[in-house]
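See below for the structure under consideration.
Which chain is which? They are A, B, C and D, in the order written, and residues in each are numbered from 1.
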């Protein structure tokens, strides 16, 4: 029973179907009909004018989005444990041509006005120190916490005060939306660009960068090609995104994953290191306890010496979640 | 009847099958069994130790390969009409951190010892001029010409004399191999790295970078991640490559495309601008003639004012090729 | 008798004096009084609002100027033999983060509307090809030719039509101004930024980047520091520029160098490969003739197999120029 | 009485003399006799084969040195308050093409085996996390502390174990050497490259990068040109370095600055935040006390809300140092 990550789960049948349906030849790159109709569908979903570019990975999505907001001599403020800092192999340094990441603190891998100011206020306003150009937040966060609309609004206000861009890494946007039970536009808030993730949510190889400022999208089109991310059979990526948006599959998949996580959470009690607001659980347990769980067939990652991380996915079986919950309760 | 390009053709059924068969969860990124077994299969195909990395596009393959051979202060010698110069949106400048492309001449978009020396011999051996670090050739070339083994060997010898790396852009490697009717190892020759293309040959979204020097592959692993090209569900890319290699599907697809091109070529006579040694035809014809062909339902690109380009694919129907041949003959 | 280049000539006594006079401590970097007063002096010289940054080399000046106009995914159009292409060790690729140089043709290393259009008109307006962002011209050119005001105006008009920046490499701006006998503002025309050279004209280590658009200067301030070109004792660079501007020393030095070149030119007749419009002479002569000249004590560079290049400087002695003229006449 | 910084002090008379003596034309760039003889002089000083490149700033020296050791996908471990992190405007990101700085802790801005391991041991050995390629230390440190030979040796051993380069930022190397009273070779230890600073020590515009591995120097020669730091009248920089090395002027200047700092330190007692091991003093004092000192004519920087930084220079007058000591004692 796999609770390692949602990032290698199977592909949803509707996604497969949409890909197969896209098999007839069409114009290459993003000139096909499926790619062309994404803007409209995203605009409708988010309730404001949106431009949508597909790419194959969240790393590419995050970095291409940020590259439209941050000059090479600037910096991005993000959480110390943000994915762009911890797990993208230095991709921001590559895509932003040497721009820095400035690391802010915050409970649950979330940042706020105060923690951002702690980082940027000490920066002297001179050429000797790298100046911030953008803020990046993760929705849901790397510890499975969701930003409330007023929290995003607070960071938007700060970004506006300081002339900064605002980016949201939504690798698990669906899980945040399912948890918050709010329209996508409110979950995203007034960010300038959203990395809207599908791969962790039943897709195969398509993530969307959604720009709410068309001028940024114009730059990103060139940067995507330049990064080797403009696939010639792009229609297969567009098809995945359409499948996800149609009938709100993205949301029902997110809800399914969250429900499994919630089921497990009920058994964790005091063991939980973070409230479960998405599909990840960080659970205090000893090495012996982890061994016991693994002996029962559960696969998961250690989280340091004294904890484990469990991730559910769109296709986590109810009985597996219940079994894990019971096993944890029995520890 | 589409003769626009092979780059948007449908995906081969065996590729689809292999992807579906890969749907069960496995380790993420390139930790899955399918990815892990590519090295061995490539080593067997090329007859020497090979390391294989999948990426989604030929642009990424070319640039990641070159990035292992070229320092940021160096240069790559390639043909003036090489894909890396003409059609990759400046990706080499991005991946190589500002290294230059030095443009050599040559019939049929092929370069040779002489044309490379014409470019590099005038370069003063001082720090004021950018020094060459590698040579890149395209097999088959941008005009559908194939390098003979002795031609590749000649460039290898030159590269060795001058301490340069040698890269082969094999976006249409299968077509060259089918034309030359030689083992893959002889078609590739002693290059340091090969971009082995599958997308134009019935694949969906997987190209292989094959390194014949393991030290280069070690660098490329980091650079691939850093470029956002390490997909978490990499098994679906590995599956495509396996499908292509198993039973030499790559070769039979290449032969099919070439056969269609050869059929058309028989009707072109003096109109042919280049011998047909792969699956591309560059055909002299007037605007009126092109209009006549299009009126009959043929889709293709103009090639300047006085010619057309026709590209066949693995699934070009024989009757379509014959129809086009007849239509050209009737002009 | 040295006619190798003006780039290693002695420093003018007034420059030395100004540097010595700057020896008293002042604020570091560009916070000193001398640095602070450069803007005003340049504004007065050019007759429009100017921002002036000092740097140590022409390469840094050119590349920092261009970096304010060209995004990493764009390109600069310049002459095929422009200094930025031929002699800056790939610095544009470094400073522009991989942007390309697009090489235009033109008599005397000068470009014009037609030759620029020859380069940029064939570029497809899509993301697969690198788009031009700026034009760079050299005043006086690499062959010692000077752009007339209407020529610069023609390029300005083209730049405006196409939304491009316009940069002037003025490593020998003084020589062009001396030849054209026009105010500095007319010699520069309506470029966005000028690399105003002093090192070849009697300075030691100070070149000015003059921005006529303050927003570009704001970016350049950060980029200069980031490139390690913000010297802490910047007052010694500012002092050099002040010495050059005061009493129009820059212009009289340029006139002196040009006069020596003109003297030599009178003896060259048909041997001249280019009209002499600055302080460089490109003179047809055989290897034997060059040997004969060297035997008489003249130092200069070969220019290919059949020519020599002679460069005069602010301090070329009249008798040396006359001696060289005579020696050439005697060949 | 200026105690702001040593970075804007006057130029030493012997440096002026050497520059004037270099005024006769010689070969441009680093082809002149003065530049050519630096390697030998540095080899003699450090007691091992050394290659010396001049540049204009410490930022350029540090970043060019590191660029020879760190690939774009790697990282440099340095102290959290290292100059390369805090005060170089992001230059490492530029010169290293996006490589990261990994920030270690340590008393007095010094790092050691333990604090480096605290940073690098948690890095997973996979492509998702940026791997360290080099360590950089500052001698004397940003808080005026000097590394003892055994401390440098400890870091060298660690670097060897982990396959890392080792760089020393010696902007105030002279002050460390004067304090330690050891030969230069022991003060530098077995680092791979040293940024040997002269500008803060009586020079005008010349810093040396000393490579103890010739292969690194070969790369740096290209990178220096590419960064626009190869001045055509390089002999004036070489002359400064010769003046500094001849008769060990660098050392006597360092001793003079240290002596002044020691004089002041005697009056500081408990106020000292760090032992004074070079020419910088960090002194606890209230805003009112700082005001009192300024009222007496002392210029210096605040260091946060509760301290002041005083820096002495090669030419700090004894009476000024005594006066400051007395003023502090009188507080």
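One rule holds for everything that comes next: contacts are C-beta pairs under 8 Å (C-beta built on N, C-alpha and C of every residue); 3 or more make two chains touch, one makes a residue touch a chain.
Nothing here was measured: the structure is a model prediction, and the numbers come from that model.
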Chain whose average C-alpha position is farthest from chain C's own: A
Between B-D and A-D, the pair joined by more C-beta contacts: A-D
Superposition of chain B upon chain C: rotation angle, C-alpha, nearest 5 degrees: 180
CA centroid of chain A to CA centroid of chain D, Å: 42
Distance between chain centroids, defined by C-alpha means - chain C, chain D (Å): 34
Whole-Å gap separating chain B and chain D, where each centre is the average of the chain's CA atoms: 50
Residue list for chain C, restricted to those that touch at least two other chains: 72-73, 88-90, 93-94, 97, 127-128, 222, 225-226, 230
Chain D-facing residues of chain A, complex: 72-73, 75, 86-90, 92-94, 96-100, 127-130
Residues of chain A touching chain B in the complex: 2, 4-5, 7-11, 16, 20, 23-28, 32, 55-57, 59-61, 63-64, 88-91, 93-95, 199-200, 204-205, 222, 225-233, 235-237
Chain C residues within the chain A interface of the complex: 71-73, 97, 127-128, 131, 219, 221-226, 230
